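In order of appearance the chains are A, B, C and D, and numbering begins at 1 in each one.
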Amino acid sequence: MTRHPPMVPVEFEDEFVRGLTEIFEQKIVFNQVLGLKITSLQPEAVTGLIAMKPDLVGHYAFNRLHGGVISAGLDAMGGLAVMAAIGARHMDEAPAQRLQRFAKLGTIDLRIDYLRPGIGEYFDLHAEVLRLGSRVASTRMEFRGVDGKLLSTGAGAYIIS
Amino acid sequence: MTRHPPMVPVEFEDEFVRGLTEIFEQKIVFNQVLGLKITSLQPEAVTGLIAMKPDLVGHYAFNRLHGGVISAGLDAMGGLAVMAAIGARHMDEAPAQRLQRFAKLGTIDLRIDYLRPGIGEYFDLHAEVLRLGSRVASTRMEFRGVDGKLLSTGAGAYIIS
Amino acid sequence: MTRHPPMVPVEFEDEFVRGLTEIFEQKIVFNQVLGLKITSLQPEAVTGLIAMKPDLVGHYAFNRLHGGVISAGLDAMGGLAVMAAIGARHMDEAPAQRLQRFAKLGTIDLRIDYLRPGIGEYFDLHAEVLRLGSRVASTRMEFRGVDGKLLSTGAGAYIIS
Amino acid sequence: MTRHPPMVPVEFEDEFVRGLTEIFEQKIVFNQVLGLKITSLQPEAVTGLIAMKPDLVGHYAFNRLHGGVISAGLDAMGGLAVMAAIGARHMDEAPAQRLQRFAKLGTIDLRIDYLRPGIGEYFDLHAEVLRLGSRVASTRMEFRGVDGKLLSTGAGAYIIS
């Protein structure tokens, strides 16, 4: 995807961005539980944010983020990156039609590397598509502290259709 | 671990089981959010359960479990299996002392394979330790529907100390 | 795959077994370099064998198998398991036709856990398909010493078509 | 590692570079089979090269590199990156002493994502250490064609001591 950018840069319509944001932040209820918000949505990469809160604690002694919040957040962001890439590939379709493609997306598998403890008030999530095929997409994700420190990395494969 | 069982089978004391259960189900707050409960705790393997609830939905159209619930649950269960194996290795220590070892446990990395959609009222989680070294433990996990169908598998590496 | 066995057990024809063995052991040249041999070929699972030889050494001090031999062998075996499962699904096709499906198989991703050093004269490899979809197959692999000790485990996703 | 560079840049001695190159390219026999050569060796990152040859073919029809060559090469490069990072951390030791640390390095686990077929005359391998702890190191690897196209990515965890 990132290797073969379209000649004309893709600009998502407000309707598409609003629709995708609503699905991602509201309708996927567990993303609400995580407090996962989209901060940017581009065809090549997407970014998001999670604010620390008591529900997300994994280590009682250190007020540390649960590893599952990181894996869940990075899985969700990888899927969102795939959705953005698919959206950019089908700009000939109406926004509502493109959004329906999200329902068909599924994670095949996921790997998370936990590098450093998730301690902080906010966390930045980043995902990019390394390859968008006709049936499978591969993504790479990063989970960073507010100071930009790399806390975790991820890799995922997604089925599209 | 499973390859070199102790001559005398290890039986955990009630104090250890109660303490570990309280840490796992209560103090690790995000496990509470998941509704993750321990159903058995043996030195060789541990099992747990998650009940479906609206908070855990990942796919609005199909009332399907969010993949992040699966990765978070399997990560937690892998860690619990390591903790049980460590507990069995240090039966000479008092239960309270062994429980403190949990605070030092950390996930190095995790892989989840999503085989089938997580649809159902309850889900069974299983984890076993494939190797317990002095510094690193490797685990294998399974996520099943109530009918026993294999929905997801996992593999994790944990640092111990 | 293993969950929904066919009513009538599938028995592969000699032509299919010979053809698949020739492709796997001879035409895939790097499998020859590994000395990777098929020891059984069933629709549900496949097994293979690698004999230790100087070319495969990874650790000069301990005559230990190179981790890459393990990852390469398990990747190949996972693909073979998928090929056997596909072969069993298409018994209505002539053996030669089914064998052509091998050319379309590709690994999406692979995870290997190295549990114990690969020391020994022979190693047994095992692979099974956890799920055979229409586009993606997921497999689980094991690498064992002659005494049956589990040395490494693997998980792979494969694209089929 | 890459986040906290030493104040004074580390410059490896010729003796260390020659010694590490000899171990990596010659004594690790399977690296010889792969034809894996070091092209640069820095404390922050290492690069290498594999030339296509008949032994490495995985797909008879397309003269395509065997996936196992990629996984084996990236595993080896990840280990080399860790070794370089360890070498830089212990510049107070004599080169020969630092080289002995290589014997204690082991891969805990590995993930490879195969993005595009490995077709070409040469391949470039790259590895960097994302975190160098006291017991575990995490790395990220890339496998590229001569034109720079990203063909595969990898992630590994290594035990050090």
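The criterion applied here is as follows: a contact is a pair of C-beta atoms (placed from the backbone, for glycine too) under 8 Å apart; a residue touches a chain by one contact, two chains touch by 3 or more.
For clarity, every value in this text was computed on a predicted model and none was experimentally measured.
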Chain whose Cα centroid lies at the greatest distance from that of subunit B: D
Pair sharing more residue contacts (C-beta pairs) when C-D is set against B-C: C-D
Distance between chain centroids, defined by C-alpha means - subunit B, subunit C (Å): 29
Distance from the mean Cα position of subunit C to that of subunit A, given in whole angstrom: 33
Euclidean distance of C-alpha centroids - subunit C vs subunit D, Å: 26
In subunit A, residues with contacts to at least two other chains: 108-109, 111, 113, 138, 155, 157
Partner subunit A, residues of subunit C touching it in the complex: 108-109, 111, 135-136, 138, 155, 157, 159, 161
In the complex with subunit C, residue positions of subunit B that touch it: 3, 111, 113, 115-116, 130-131, 138, 140, 149-150, 153, 155, 157
Touch list for subunit B against partner subunit A, complex: 23, 27-31, 33-34, 54-61, 66-69, 71-73, 75-76, 103, 106-114, 117
